[in-house]
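Presented sequentially are two complexes of chain A, the first with chain B as partner and the second with chain C.
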Partner chain A sequence: MSPLDIFMLVARVAFAAFIPLCFIAVCVWMERRGAGYFQDRSGPNRANIFGFRAAGLVQNLADAAKLFFKEDVISDHIKHKFYFVLAPVIVFFTALVSFAVVPFADTLVLGGKSYIMQGIPLDLGILWFLSFVGFSVYGIILAGWSSTNKFGVLGALRSAAQVISYEIPMGLAIVSLLVVYGTVNLNEIAQFQGKLLFGFIPMWGAVLQPLGMVIFIIAAFAETNRTPFDLAEGESELVAGFHVEYSAMKFAIFFMGEYVAMFASSAMIVTLFFGGYQVPFLSTATLISQAKPLAFLLMIILPVVMHFFAGWIRRSNVSHYPRENDPRVFEATVYIKCFWGLVIILEVLLLAILFSASGGPTAHIFVVLLQVCTFLFKITMMIFVYIWVRWTLPRFRYDQLQKLGWQMLLPLALLNIFITSAFVVALS
Partner chain B sequence: MFAEALFFGFAVLSVLGAIGLLVFRHPMNGAMSLVVTMISLAGLYALLSAKLIFALQLIVYAGAIMSLVLFIIMFLNIQESDLPAEKGRWLYQLGGIIVIIPIASFLIKIVKSIPGSKATIVGSGFGGVKEVGLVLFQDWLLPFEIVSILLLVALLGAVVLAGKRRMSK
Partner chain C sequence: MSAKVKTMDRKGASLQERLYLIEIFKGMATTFGHFFRNLLDNRKLYVRHYPEVQPEIPAGWRGRHRLTSHADGTVKCVACFMCQTNCPANCIMIKAGERQDGKTEKMPVKFTIDLLECIYCGYCVEACPLDAIRMDTGIFSVTGNNRESFILELPELLASPGAYSEEEYKKGGA
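Entry: the complex of A and B
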């Protein structure tokens, strides 16, 4: 292996392992800011380092410090301590590994060699995701059962029954997708979605399979145990459900596992239905050939966007009552300077692309970075949908939840398979 | 070399899991050892380049079936006091081992008589979804359909039997 091969291997594994971890912080922050926005309040705005609150991101650090230094209690009544400790590890690890097969950019060609841009170069794609989503049930069952607590057992029973029953509509929605795409390889699925339908609509799964998309997204919400399907930890009835006996870092790992699962399923929804890493209307080949005009366009757009962003920061980051020498105005000035610095660095990098040979390795790397940014942007949008739903919809009753799964989604998914197959057979 | 080390790791784990299933008293421990066996079997399939079987083993056996088993064990909420006393357990196990010895020695003899060959991982184009699907739906279509009808009959039978008991009550 050449040094470049080793570097690419390390880079892609590091991306698949660390990006979900970084997104925990982003998700928690978005959740709190989103909750504040939907409930018409400010959200986290007190925790700070030397007066810098970073729009509430510092609150995450405070939380981490709190959970880290809290006493880690394992009650005496817990007999099976091994399973009790194993459960959060399973939940977190399965969520993290399920992201490993999602491609975050198109295959990079450097010096005649192609590098697949996913954590594990496996062509099983969706099957891998499905198997690890199934494994996360073990963590929930073991946590609830080993807690030896009636609330824990009830929460685990609800959650396991819910995950098992929603796996069926999810799998059937994937079947109809596979009929359309004709492959289980996620990279090939993303490449398929780079084409254009009738010459002007991107051939995204959302356009080709609208019903499948709705079913898959509902099932994904249920699989990640998020509201309106979070009966497993319904605070008003079950205290906290399956993690009621957990404290300190063990609870934090459950908490982080939930957000990693949310990130992984958002990544899967984006890859299956919203074109994955594809920039809309611009396929990878177009991007590589048009790298220079694109870089030039970005060089013009970036400062304009930054100008309006700076204005927004200046307007938003002020005290709500008149103060002398408002410290928040100083805070805003520092933020704006930091962002301008970032924009200047990006401009220099884009300038370097303008002066490099066209179609060379620089253009290829530029396109990969552009696709990674597109992919992460789409995932962030999908995570916002998760948060939006959580703070808008009330929780289902348990019988309503099972009725929705078995009597609505399952027949709809079967119908979708028949209609899709009929279309595919008629058109081919 | 690497593949052989993996093979030995998975083989040892799967045998240990099977032993654990027999030896552990608590059903939860038994079920978890069976999960270990199922996952290591999936690893062995992956070493044989059977990618689709690897995924199916993980989804169906290690995922769906075993989580249902665990679910039922949790549902029954078995405590140590509910388990039977099992007097003379060691005697039974000793007897079992004595019965197994001739069969095991016979099997070892057979395995030793197999000519040795190098284990290599076959690359892409074998055992994937497309390859297995083509063989299954071209060469083996009729047996496949018959087996699926058999499974459907078993499924309907389970539903009918479960429904009948509720009727009589």
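Entry: the complex of A and C
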């Protein structure tokens, strides 16, 4: 193995391991500020370090510090303390590992060697994801059962029943997808979606399989225990459901596991239905050959976007009441300067691409970074949809949940398989 | 006379509503409208920036108690125990003593209000025959580091001024 091989190996594993962790902070921040804005309030915006609030991101640090230093209580009535401690670990670990097979950029070709951009280069991408998502509910069931608490057990039972009902439509939705794509390898699926339908529509899963997409997204919401399917938690009915006996870092691991699961399932939805890492209308080959015009275009777009962004920061980051020498104006100025500095660094890097040999390694690396950014942007949008749905819909009642799963989604998924198969057979 | 019966239409029976997804998207459009409006201009949030911007307290509002005094600064209270007897939370403790300044015969030597017990019902104010206890300080947030700081004694109760003029207070009821 050359040093480059080792570097690429470390880089892709690190990406798959640390990006979900970084996104926990972003998710929690989006959830809380987003919830505030959805409900016409401001959300956490007071916590600061030397007056710098970073739009509320500092609140995450405060929360984390609080959870670290809280007393870690394991109540005496809990008989199976090992399982009690194991449960949050299972939830967190399975969520983190299920992201590992998702490709975050197209295969990178450097010096005649190709490097796969996946945490674990596995051909059975979807199956790995399905198995680990199904396994994560074991953590929830174990947590509820080992808590020796009626609310915990009820939450765990609900979660178990819910997962049985929704794994099936999810699996069937994936079956119809596999009929279209003809592969279970996620990288090949993403490459397939880079093509164009009739020459102008991106061949995304959302276009080819609209019904499958709806079923999969609904089932994915249920799998991650998010509203409207958060019956396992159901704070108004079951206090906190499966994690009622958990405190301090054990609770925090559950909490973070939920957000990592949300990130992983968003990544899966994006990979299966929204083109994965593909930039719309531009396949990897086009991107590599057109790297220079693209870099030039980005060099023009970036300052323009930054200009409007700076204006928005200046308007938003002020005190909305009379205040002498408003410190938030200074704060906004510092943010804007930081962002302009970032833009200047990016501009310099893009300039380097403009002066490098066309089609060379720089172009390849540029394309990979562009695809990674596209992928993360799409995931962020999908996470926003999760948050958006959470703050719009009320929770399903238990019988409604089962009715939706068995009487609506299951027949629809079967029908979708029939229609898709008929189309594929007729067209081939 | 028969009871008035109003028949409510039950929603959710039409095909469009039974499809569910369309209604979900309508709801999501509504919430997104709020999100986007607030994101573009966060002045439009329905939020009072609380510690900096204080709410306006009307004169009829029952805030923290105070004891009123005559124009010459002597306490109005005659220790008749009306407020203590009326108090449903048993938070007022009065110790009466002889009055030396000749205005009346009795006066409170100790007048203690335990704010941790008080339910701010205002019965003490209504019961007082001499308008000696009022809840017009406009203090709505009583905070402290220990339990003792919530037990008000006579000097503190006399020291806190009323937040409103006499006319405003009379108009506001209480």
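Some notes on this structure:
Going forward, the second predicted complex is superposed on the first by the 428 of 428 C-alpha atoms of A that agree within 3 Å, B and C clash if a C-alpha of one lies under 4 Å from a C-alpha of the other, contacts with A are read in each partner's own complex, and residues count from 1 in each chain.
Methods note: contacts are C-beta pairs under 8 Å (C-beta built on N, C-alpha and C of every residue); 3 or more make two chains touch, one makes a residue touch a chain.
Small disclaimer: the values here were computed from a predicted structure and weren't measured.
In the three-chain model built by superposing on chain A, chain B and chain C fit together without any clash.
Looking at the shared chain after the overlay, A:Ala64 reaches neither chain B nor chain C. Once the two complexes are overlaid on the shared chain, A:Trp388 sits against chain C while remaining clear of chain B. Judged by the touch definition given at the top, the superposed model places A:Leu414 against neither chain B nor chain C.
When the two complexes are overlaid on their common chain A, residue A:Val179 makes contact with neither chain B nor chain C. Of the two partner chains placed around the shared chain by superposition, chain B is the only one that A:Ile164 touches, whereas chain C remains out of contact.
By the touch criterion defined above, A:Asp40 lies against chain C but remains apart from chain B after alignment on the C-alpha atoms of chain A.
A count of residues in chain A touched by chain B and by chain C gives the higher number to B. With chain A used as the common frame, chain B approaches chain C to a shortest CA-CA distance of 29 Å. Chain A residues in contact with chain B (one complex) as well as with chain C (other complex) do not exist. Contacts from chain B toward chain A in the complex involve residues 28, 32, 35, 51-52, 54-56, 58-59, 62-64, 67-68, 70-71, 73-75, 77, 80, 124, 128-130.
Across the complex, chain A meets chain C through its residues 34, 36-42, 214, 312, 315-316, 319-321, 323, 388-389, 391-393.
Taken in their complex, chain C has these residues touching chain A: 21, 24, 27-28, 30-32, 34-35, 38-47, 49, 52-53.
Considering their complex, residues 79-80, 83, 122-124, 127-128, 130-131, 134-135, 137-138, 141-142, 144-145, 153, 156-157, 160-161, 164, 167, 183-184 of chain A touch chain B.
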